[in-house]
Each structure stands twice: as C-alpha cells, then as structure tokens.
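In structure tokens below, several structures.
Common to both upcoming complexes is chain A, partnered first by chain B, then by chain C.
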Partner chain A sequence: MSKRNLTRRQTLATIGKGAALAGAATLGMPAIVRAQSGPIKLGFLSGLTGLETILGETQLNCFELAVSQINAASGIAGRQVEFIVEDDQTTTKGAIEKARKLINQDQVDATIGLIASLTHVAARSVTTPAKKLLMYTTYYEGEVCERYFFSTGQIPNQQIDPSVEWLTANEGKTTYIIGSDYVWPRKSADAIRASMEAKGGKVLDAEFFPFGTSDFGPALDRVKSANPDFVWCMCAGNDLITFLKQFNSFGLGKQLFSQGLDDVFSQAEPELTNGAISNQAYFMGIDSEANNAFKKAYGDMFGADKPINAIGEAAYNAVYLYKAAVEKAGTTETEAVIDALGQVSFDAPQGTVGFAANNVARSNSILARANNGAWDVINNYGQVDPVVAGCSL
Partner chain B sequence: MTTTTMPSALGRLTQRRKLGPAFIVAIVVVIVLAVLPAFAEGYALTSYRDVLLFALFALSLDLFWGKTGILSFGHATFFGLGAYGIAITAIHFEIDPSIVSLVGMLVGVGMAAGVALVVGYFILYGGVRGAYFTIVTLALTLIANHVAVGWPAVTGGDSGLIGVPPISIFGWTLADPISSYYLALTVLAACLFGSMWVMGGRLGLILTAIQDDEIKVRTLGYKTPFLLLMTFAASASMAAVAGGLYAAANGFVAPDMIALLLSTEVIIWVAVGGSGTLIGAVIGTAIVWWLQQKISSINASAWPIAIGSFFILLVLVFPKGPAAFVIDRIRHLRREEGADR
Partner chain C sequence: MEALIPFALNALTLISILLIVSMGMAIIFGLMNVINLAHGEFITIGAFTLVVVQTLGGNFWLALIAAPMVGYMIGLVLEKALIARIYENPLHAILVTWGLSLILQQVIQLIFGAAPQSVTGPFPGSIDVFGVAYPAYRLFLIAFALATFALTIAVFKKTRFGLDLRASIQSSEMASVMGVNPDKINARAFASGAALAALAGVLLAPLTAVTAFMGINYLARSFFVVLIGGAGSISGVAAGSGLIGSLETALSYEIPTTVAQALVLALAIVILRFRPQGILPA
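Then we have the complex of A and B:
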C-alpha cells in the first residue's frame, strides 16, 4: 500500500517537474531571448463594435498606418512590429477580459488604443497592477495619475477650459449639459462647472442618459424651459448621432457645443453637425507638411474619402512615441521604456508632441465650427501643457 | 403518453441504488478538472475557472429547466444579483475585509432567492406554466438590466463597478489563479453531486411526474406549486453563487452579467449538454466555450452567426439537446430492430 502511494507520489512529482520545466521553457529563457531580438508585439484594444463603432475603425486604421510605416522603415530599433487587435465592445467586461488576454496570453510589450473612458478605467485595472504600459489615445476627463498609463489625447485644461473661455465671451454665460451616463461626461461636467464659474458663468443643469438612449425629447423640453445660452452635449459614439438628429429636428435654436465632435462625425453627418462647435487637438484642415503627408499616406492605404480625427491621430502619435522611447531606452523592458517616454518627442501631424511629467501629452487646443463636413477654425490656442492636479510622475 | 411514463418512473426508482451513467460521467469530469491545474499555467487557469463558474450557472438552470421542464429565460437575473450583491456590499459598505466576501455572497444569494420566491410565488401559484413562464422570466431579466444600467449611484450604470475584492474566508484570501480555480471547482462539485443526490431521490421523481402531468400529481396530494417554487428558488440561489464567485474572481461587475444575452447563452450551454442530466450542463458549457475560442480565433464575427444558427436548429430540430437527439435516434432504431424480430 505504502509502496503504491510512493509510486503515485513519484509520478505526481515527475509530472510536476515536467510542468515546471515546460513552464520555465516557455516563460523563462526564451522569453528573454524573444524580448530582445524577435518582433516587438503591440496590442491594439478598442471599441470596434458597439457604441463606439463609428470611431473605432479610424483609430485602428491610424494605428495600422503607423505600424506599417515603421515596419517599412526597418522597424523599431531594427525589430519588426507585430500587433494583435482586440475589440473591447465598449464594455467594462470586454476591456478587462481583452486587456488580460493581451498582457497574459499574447504578452504584448505595450497596449495602445481605447475610446470611451469606461474602457480606460477597466483596462487600467488590469495593466497598472500588472505593471504593463497602456497608452490611451482619446480626449478624456483627466485626473489619472499612474506610472504605467500614458495618454496622447486632450484633458480638460487643454480642451474644456479654452472652449469655456471663448463660449462665455461669445455665446453667453449659461449652459445645459446633456451626456451619456459614465465617467467621461460626469467628470467632465465637474470640470465644465468649475471652468464656467471661474468665468462668471453657470451650468444650469446636467443630465446623463444610459447607452443606447433613443429618446432625448423630454430632456430637450427641459433644456427649452431652462433656456441656456448654449447646449453642451457629451453623448458618446452612436448616441451622439441620435442626439444630433433629435436636437436638430426639435428646433431649439441654440448653439451646440460638443467636444466629442470631429471630422469623423462631420463627414458622416454633415447636415446634422453643421454649425456645431467643438475643440480638438487635431482637425484634418491643419495645413502643415506633416499633416499633408499623413493624410496622403492614410488616403493611399485606406481610401482618400476616409476621414481622420484626433483620436486616430493620437493613436498614430502613440505608436511613434513608443518607437522613440524604445529606441532611446534600447530595450522594450517596460520600466526603461516608461522612463524614456518622458524624454522623447514626435513631429506629429498636429505639431511636435511629447509627454509632460504627468504622462499626458502636450497637445493642441483648436476651437472650430463645423461647416458642411469640414471644420472652420474659430480660435487656435496652440499647444497647451496638460495639468493634472497634484500629479508628477 | 402517461401510461408509458409511469413504468419508466417506477423503473428508475428501482435502478436508483445503482450508479447511473450520469453519475459516473460526473465523477470522471470532476477528477479530470481536479488534475487540470498541473497542465495549465496562470492565465489559462483563470479562463478555466471562469468556465467552471459558468458551468455552475448552467447547472443551476438545468436544475430547474431540466427537472421541471419549465424554461426560465431570466436566469441571468439571478447570476447578476449574485454578482451585484457581492460587488455593492464590498464597494459601498465598509465591512471588515475578513468577512466582507461572505457577507456579500449572502446578500447576493439572499436577493436572488428573495426575487425568485416573490416572482415565483405569483407566477407558479398563479398557474403560469410553459411558454408564459418563459416570457415572464424574460421580462425579469430586462427589468433587472434596466435597474443595473439606470441606477449608476449604486450599480455604476453602464460602466459597472471595478474593484470587487477576491473571496476571502476569515482572512484566508483566494486570489491567485490556483486557489480561485479550486474554490470554483469545489463549489461546482458540491452543487453538482448535491443536485444529483437530491434529484436522484423522491423529489426528482415527483418533478419528473409533474413534467408529465401536474394535475395527476396534485391529485395524489403533492403541493406541486410549492415544490416547483422551492426548486426555482434553489436554482436561483445556485445561479447567484456562481455570479458572486465570478464577480469576486474577476474583480468587477458589469451590466453584461445581468443581460438577456447571458440568459440566452446559458440556455444554449445547457441545451448543448442535454437538459435534465445535470452533468450535461457542465460539459455543454465547456464545449461551447471551447468552440467559441476556436471559431472566434478564425473569424471574430463568425461566432455570433454560428451560435445563432445553432439556436435555431435547437428549437426546430432537437429541442432536448443534441445528445438527447442522438440517444433518441439510437433508441428509435433499436426499437425498430426489436419490432422487426
């Protein structure tokens, strides 16, 4: 009996050793070899289906454009770039599961992408504890201060504050906020309130609606009776289109501001967006050599009629900034790359961009009005340094 | 119809003491699952753990649907209540970390059982059966989902809640992949064998009889609505346990966990394994999960089409599941052979 037990234990031990050896073989030595010589692996994670479908494709295209340009020009530090695309479906569940897959199963060197803020919250809950680099490329509510999180889109002091300054001086002192119900509109509304009050203005009310809301009629009725000088909309993705349709047919006669509007929306819905004001770091109309080359390369790869927006341009920039950081650090090791990211810059389509000490990119602030699909610049505030209260990394 | 089923029910009564094929399969499955961690590393193991928890969820549905023949289209409600129960308890209330997951599980399971008892009381005692029961429970999921999405102060709205602590039993935290895997397996095995034992006994026979002819069973003196209600509540509680463990293991809760899609998926899992066998629910979940991995890696958009087509086949061709369909065919052939002799 005891003899039998012993053999069984030995068998188990052998299996265990085998498994341990196999584990070491896949995780240990070859991983180090792979990390410094094989291709660099990037994960692209974003909302390719669901609420943000309208924006996801452009973001992925810009990411792919950057990778293919880099690979055509001998890669990052001589290594080719591979990428894995994952769809977070603009859900917390999707973002968490796919971020886990990218960093654990695919073992990517960095993850780039994301649109709706709820997905950056979700993805960060995976990447930051795992000490993996995450680069977010959409304008958002700011307030994040984490070593492993970098963002190449605008935050409120680059997007909301300059807009409020112009709006309060030219449109009036009161606004009414209508937004989707999640972290970006809610936290941005706080920033808008603070900004409006600093300029002697007032947010009359803020209302938030679940994803997929189909009827904004009652809310527009309340906007009408509150009678603000302009309406501020922060509905996300496809819900923004629904809102625009109802806003226009309601005939409120108020100026509309939404920092969610960009070339993708204006070219998809030129009539609905006409006259609306937005603020982005990038519009296709920017006349510079870098932007013309960018637009041409994008058109050659995906079709000349395809629009580009700030989220896409920021994804393009993120890949190039990552490239610069890896080349500066001389390794893809996350800690070294993060240290290097703060010191590199890239001549982006919008101008030269780089990260401030809070891991947010210095980016443009361009206030513009939609005009039949294009954007007429009202005021270009130039490049603005990002401010995240109490954050220095 | 009834004359043929009565002897079969009696026949099963005499067979009861022998190990049924389902029981042997269950033992084999649990043993295989118990040694699985030796062959899987961290990330794969967390995926397997999630499959086990979904299998527990499927088992809970099979406990009701498979045994009573009444299809609940609202089981994600109970899974979700379990998940939201532990998440809300852990995030919105300041409870001693050593007992918070137990309190959270109790809250979630309590809510699920409560909802099942209240809703079940009105519809089961009201004589609602068959398709009408399915429709009412379908509405239940929609309502629950609306509450989860439309009450952001408590539920986190569309974003859900992130930061649910892992299961911790009096300071012993089951956070790493291996211990959370074995926790899931232990609970699944306990629920599986528990359900098989109970359903292999008198209650299982009565429920089978209710499936055939409820009025006859009631005439024999059994309080059939009460028995159905208790089975429904037990099933809901088990679903809530699965949901609570899932939320704790993955660290978040989101409206996907209390949505109609999940209610539909769980029906497919059970159906693939064959409803009424209990162990079939576990196997079905694993098969569907495996297929989903394979098909999604070929083409991400192929999966919804594949599962949608399967669902149509399920309704039209084999309403009792592919396994039962094949067994029925074989039996049918044998019977024909027997008739020829």
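Then we have the complex of A and C:
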C-alpha cells in the first residue's frame, strides 16, 4: 500500500511548505478561505483486506485512474488532487476508525469508496454527524436519506425490480434466497419479497450465513427439497466464490441469480459463473466510445487482463462527479459542493450519470448472463431513476 | 430415511473439515502448548501450494503430496528461527505467531494478488449414496480426513517419534537424560503440525475461496475443537470435531445458521466449565 502517488512524508513536507508559504500571505483570513488553495484532498476508504478483498482492488484502481486523469488534465479547478488510501478490513470497527482518521487527522475534502453495506452504515455514523461528504460506489439496499451521503451504485428499484420482472416471466415464480448475514442481503431480501409478490411470485425461504462460512451443504440440501424455480444468492465477496463452488458441485440444475456477480467474478471463475444471471449498471461489454476509452486507460495503467466491474466504474464516476460539483460550486466547502452535486452530470463509461433528488445516481439496469467470463446482455432496461420512499433532499 | 442421508453426509463433511484443519493445531497447541495464531496461514500456504502446482501444469494429487512437504519445510525453518526461542513464554508465542500470521498474509497477497485463485479439484460429479446424489469430492474429503486422522494416531502411538515426543512433553529433562534430543523432537513436531495444516489447505481449496486471508476462518474454530476435544490428546480432535460438526449441522436444519454457530460455541463454553480437560483428555 506504499506505492501511492503520495507518501506520508511527502504529504507532511508539502503541508509544511504550503503552510510556511501561505502562512504569511493569508494570516488573518478565515480558515475556510485559506483552505481554497493548494491540493484537494480525497480519502479512499474501502475493504482492501477481509471479505471484500476481491472487489476492493478494482475499486481502488478505478479511483486512482480517475484521479490520475484529472491531475494530468490540470486537476479540479486548477488544483491538483491528492488522496489517502485507508483499508476498513470490511469491518464496522475498521470503517469507523478509518473514517474518523480521514476526517479528523487527514482532513480530507470528501471520502469515496466502501463496498459491504455494513461499512457504509459505519462510515456514515462518522461522516454525517461531522457534516462531511461521503460517496458510496457499490450497489446496495438503498433506504438511506442523508444530505451528506451520495451513492453512485444501483439501489433495489434499479437492480432488483427489473430483474424480478424478467425472472418471474422467464424462469418461474418461486425463488430461494441464500445470503451472507448482514444488512445488504437481509434488507435486499425484503425488497425481493415485495417485488416477487407484486409479480405473483414467492420467496420460498431466505437463509443468511455468517462471513467465512465453510460449508453450504445443509443449505443446498434444503434448496433441493424446497425445489424453487431459481436460486437467488447474496453471499458477499469471497463467500460468493465459496458458494459458487459448492452450488456447482451439488449440481441442483437450478438457474442461479446473483446481483453480486460481475466481470471481476466471471473472469476469476469463468466455469463457476457460467450461465448465472446478474444485474449491474456496468459490464465491460458495453460498446460505447466512453467505455472503450475507459477500458483502454485502465488497461494501460493496471494491465489489459485486469477486469473492471460496476463498483469500480461507479468509483471512477464519483471522482468525476465530485470534480464537476467543486468546479460548479467554485469551492471545496462541503455544503456548497453538496448543493452543486445535484446539478452536475458526467459522461461515464455506462452513459451520462447524475444524482436524483435523493442523492442516488441515476444508473443503468442491465440484466445479463455469464458466458465464459464475459456477460451476454439479456435485457437492457436503460437508465432508471432511483426511488427511495419518502426521500427528497 | 432418505432425508437422513444428506443430513448425515453433510454432518460428516463438516466434521471432516473441522478434523482436518484441527489436527495440526492438536499437535502444536494441544501437545506442544504453543498458542499458534499463524495456524490459519499454514492452511493458506497449503491451498496456495495447490495454486502453484496447478499453474505449473501439475494436478491435484501432486499438490496433495507437495503441500505437506512445503508445510513441513516452512514449519521446520520457522521453528528453528522463531518458535524454539519462545517455548518458555506463552505471551511471546502469541505475539510472535500473530505477527507471523500478518506477515504471511501480506506476503501471499503481494505475490498472488487480492483476487481469489482458481483451483480445480478432482471428482467434479456426484455419486449415488443409497439413492441420494452427493458430490463425489465431499465423499473423498470425508474418507481422506478419516484416513489421515488414523495415520496420525498411529504415528503418535506406535512410532519411536511419537514415543519420544510424548516423553519430551511429559518431562523434557528426563527425556534428554534418556537420550532423546528435545530440540530435534520439538522441531519435527512443530513441522508435522504445519504439514498437516498445509494438507488441510489443499483439501479445502476446491470447496472454498482461495485467498491470502482464507486461513482466518479456521483459526478460532480449530482452537475450539482442540479445547473441547481435550488438549494433549490427538484422539480428542475427533471428539471435538464430531461434537461441534454434528451439532452445528443438526441445529442449522432447525434454526438460522448464525444462531446455530453461536449456540454451539456457547455450549462449548459450558462443556469446558464442567470438563476443563475436554471430552477426551490425554
């Protein structure tokens, strides 16, 4: 983790020099004015170790790509961007401690990242009371309505509802949910139940397993007895790989759906994911000029064989949306940036994205089937407006 | 009756997983009294041996032979360099092995990257067991774990090495008076524990995500298995994994798995309260 564009020593040196130079010139100005020169500081906080290791690296790479492109093109409003990377270890404790560090010690202008929903809950408990901007880049259970929290990934009405519509029409009316035991699978299961019932379908049962579960045998035995039309998996990160291995070995002959599957998983395990269906805002197969340029830049920086997923693309988008908002607001002052975030848009690899009034990004909904590591589009629902009940900020 | 077969096989699978990951722990912690927090990483090393062997074009069976050797060599080196200096002080052992585990995790991640490694296990299909199709690999795992257990027992009960080890644990001084070299015995015992853990890594790899951090999942549970079964006796591991594995599987059919795991651990604490020596003490 030391080969970032900025070491701690360099930061201290830069801050020291900056302070010495700026000190005389700006003495007596309010702190807020003093902060509007020199580099902009972003915090990247995510699960680089622990359960979500498989996804954290790609997310960090996409974030770094955006920052390096922005810096190469004269920065944000002429100011260079520096960033500090922190690992929440996919734990509540880690997310709280590292969010505190980024805000209090590093004094970042905004924090971007996070994967597992338990970490966005934890990080928000720090950033929202402190009135600091947090941008979450993973698809999640939605239901958050806070002024200081923005998300660039899908929420249930953009991801689950369109999927259920297709699945109930084409695979059958019953499903069996197996997920990890935390907030994302549990709340998403509620959304799936509501959505299935609205389409005349039924969730036969939902089971949740602790992180690091080594044996899904008993659960798969129960799936077999229940005999659903398709299996819905919401195991997170590395546990999803464990589930796929065991699901395939039991050979139940059931269609698998998991909105956690993406290009990172399908390229890591092409055989295990083959035939599974997912719904994401971004797949590498999207054929557009913006996406081809994005993939090329990513390949040049990190290696052409490295996969990109929706979480990574959403992190890339978040940096650019932040840039647009700062430039529109003319300041990095949080309240002004938040006001501006609602008005800006970015021509992302997935298409033009921007925030709705509930601080969730309008994003694509693409239903696709894994085919030897790539994804064949079944149905592209296009861009869907996010719906968070009773939320208008 | 038919519903009982998958249940029994699932229970046996979990028992076998616990058995195979705990045997190395039974030697290093149970017999030698070294609190080894790097046990999980020895399992990881075994799984990554499979990754390397398969990347180089070898197959699963080659890795099954290579991994214990790799584990043994690494165990031998670590024992000489670190562990031999801390037998007297359990607190030092905790700190040293904890640090070791962090270093091993990061080194493995630096070499292989963060993404889970792809491995191929043998026996992809299912086998009919009394009319119920069950994954063939799981049946192999059950048989192999039991065979390894029997072999380990035999080594400890019937060979000169086993006798020397038990003697030097009972009284290191008396054993050395009788011509046993305790340093050598300790090194070989520690290395054997590491070798068994590495073997477990290969066996688990086709069932689970192979990452630098995979070992963490097994550390706490193998401690529990050894404590419940009875530290100081290899056969205690069978009792410990049998109890925890069958209870957890049985409960998971009735109540949520998270609750089942918590209940089993709570029960384990109750058992230790009334039988501090474990179920089958030495």
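The rule is short, and it goes like this: the second predicted complex is superposed on the first by the 359 of 393 C-alpha atoms of A that agree within 3 Å, B and C clash if a C-alpha of one lies under 4 Å from a C-alpha of the other, contacts with A are read in each partner's own complex, and residues count from 1 in each chain.
The criterion applied here is as follows: a residue touches a chain if its C-beta (ideal position, glycine included) is under 8 Å from a C-beta of that chain, and two chains touch if they have at least 3 such contacts.
These figures come from a predicted structure and were not determined experimentally.
Student: What is the contact status of A:I155 with respect to chain B (first) and chain C (second): first, second, both, or neither?
Tutor: In the superposition, A:I155 touches no partner, neither chain B nor chain C.
Student: According to the stated criteria, A:D181 is in contact with first (chain B), second (chain C), both, or neither; which is it?
Tutor: A:D181 contacts both chain B and chain C.
Student: Once chain A of both complexes is superposed, is A:N238 in touch with chain B (first), chain C (second), both, or neither?
Tutor: second
Student: Tell me which touches more residues of chain A here: chain C or chain B.
Tutor: Partner with more touched residues of chain A: C.
Student: Classify the contacts of A:A310 with the two partner chains as first (chain B alone), second (chain C alone), both, or neither.
Tutor: neither
Student: With both complexes overlaid on chain A, does A:S125 touch chain B (first), chain C (second), both or neither?
Tutor: Only chain B; A:S125 stays clear of chain C.
Student: Is A:P210 contacted by the first partner chain B, the second partner chain C, both or neither?
Tutor: In the superposed model, A:P210 contacts both chain B and chain C.
Student: Pick one for A:T53: touches chain B only (first), chain C only (second), both, or neither.
Tutor: Second partner only, chain C.
Student: Could you tell me which stretches of chain A are touched by chain B in one complex and by chain C in the other?
Tutor: Dual-contact residues (chain A): 181, 208, 210.
Student: Which of the residues in chain C come into contact with chain A in the complex?
Tutor: Per the stated touch rule, the residues are 3, 6-7, 9-10, 13-14, 17, 105, 109, 113-116, 118, 124-126, 133, 135, 137-138, 204, 206-209, 211-214, 216-218, 249, 252-253, 256-258, 261.
Student: Can you list the residues on chain A that touch chain C in the complex?
Tutor: 48-50, 53-54, 56-57, 181, 207-210, 212-215, 217-219, 221-222, 224-225, 238-242, 245-246, 249-251, 264, 268-269
Student: In the complex of these two chains, what residues of chain B are touching chain A?
Tutor: Going by the criterion above, the answer is residues 38-39, 41-44, 46, 149-150, 152, 157-160, 162-163, 250-252, 254-257, 300.
Student: In their complex, what parts of chain A are in touch with chain B?
Tutor: 12, 15-16, 19, 23, 26-27, 87, 91-93, 96, 100-101, 104-105, 118, 121-122, 125, 180-183, 208, 210-211
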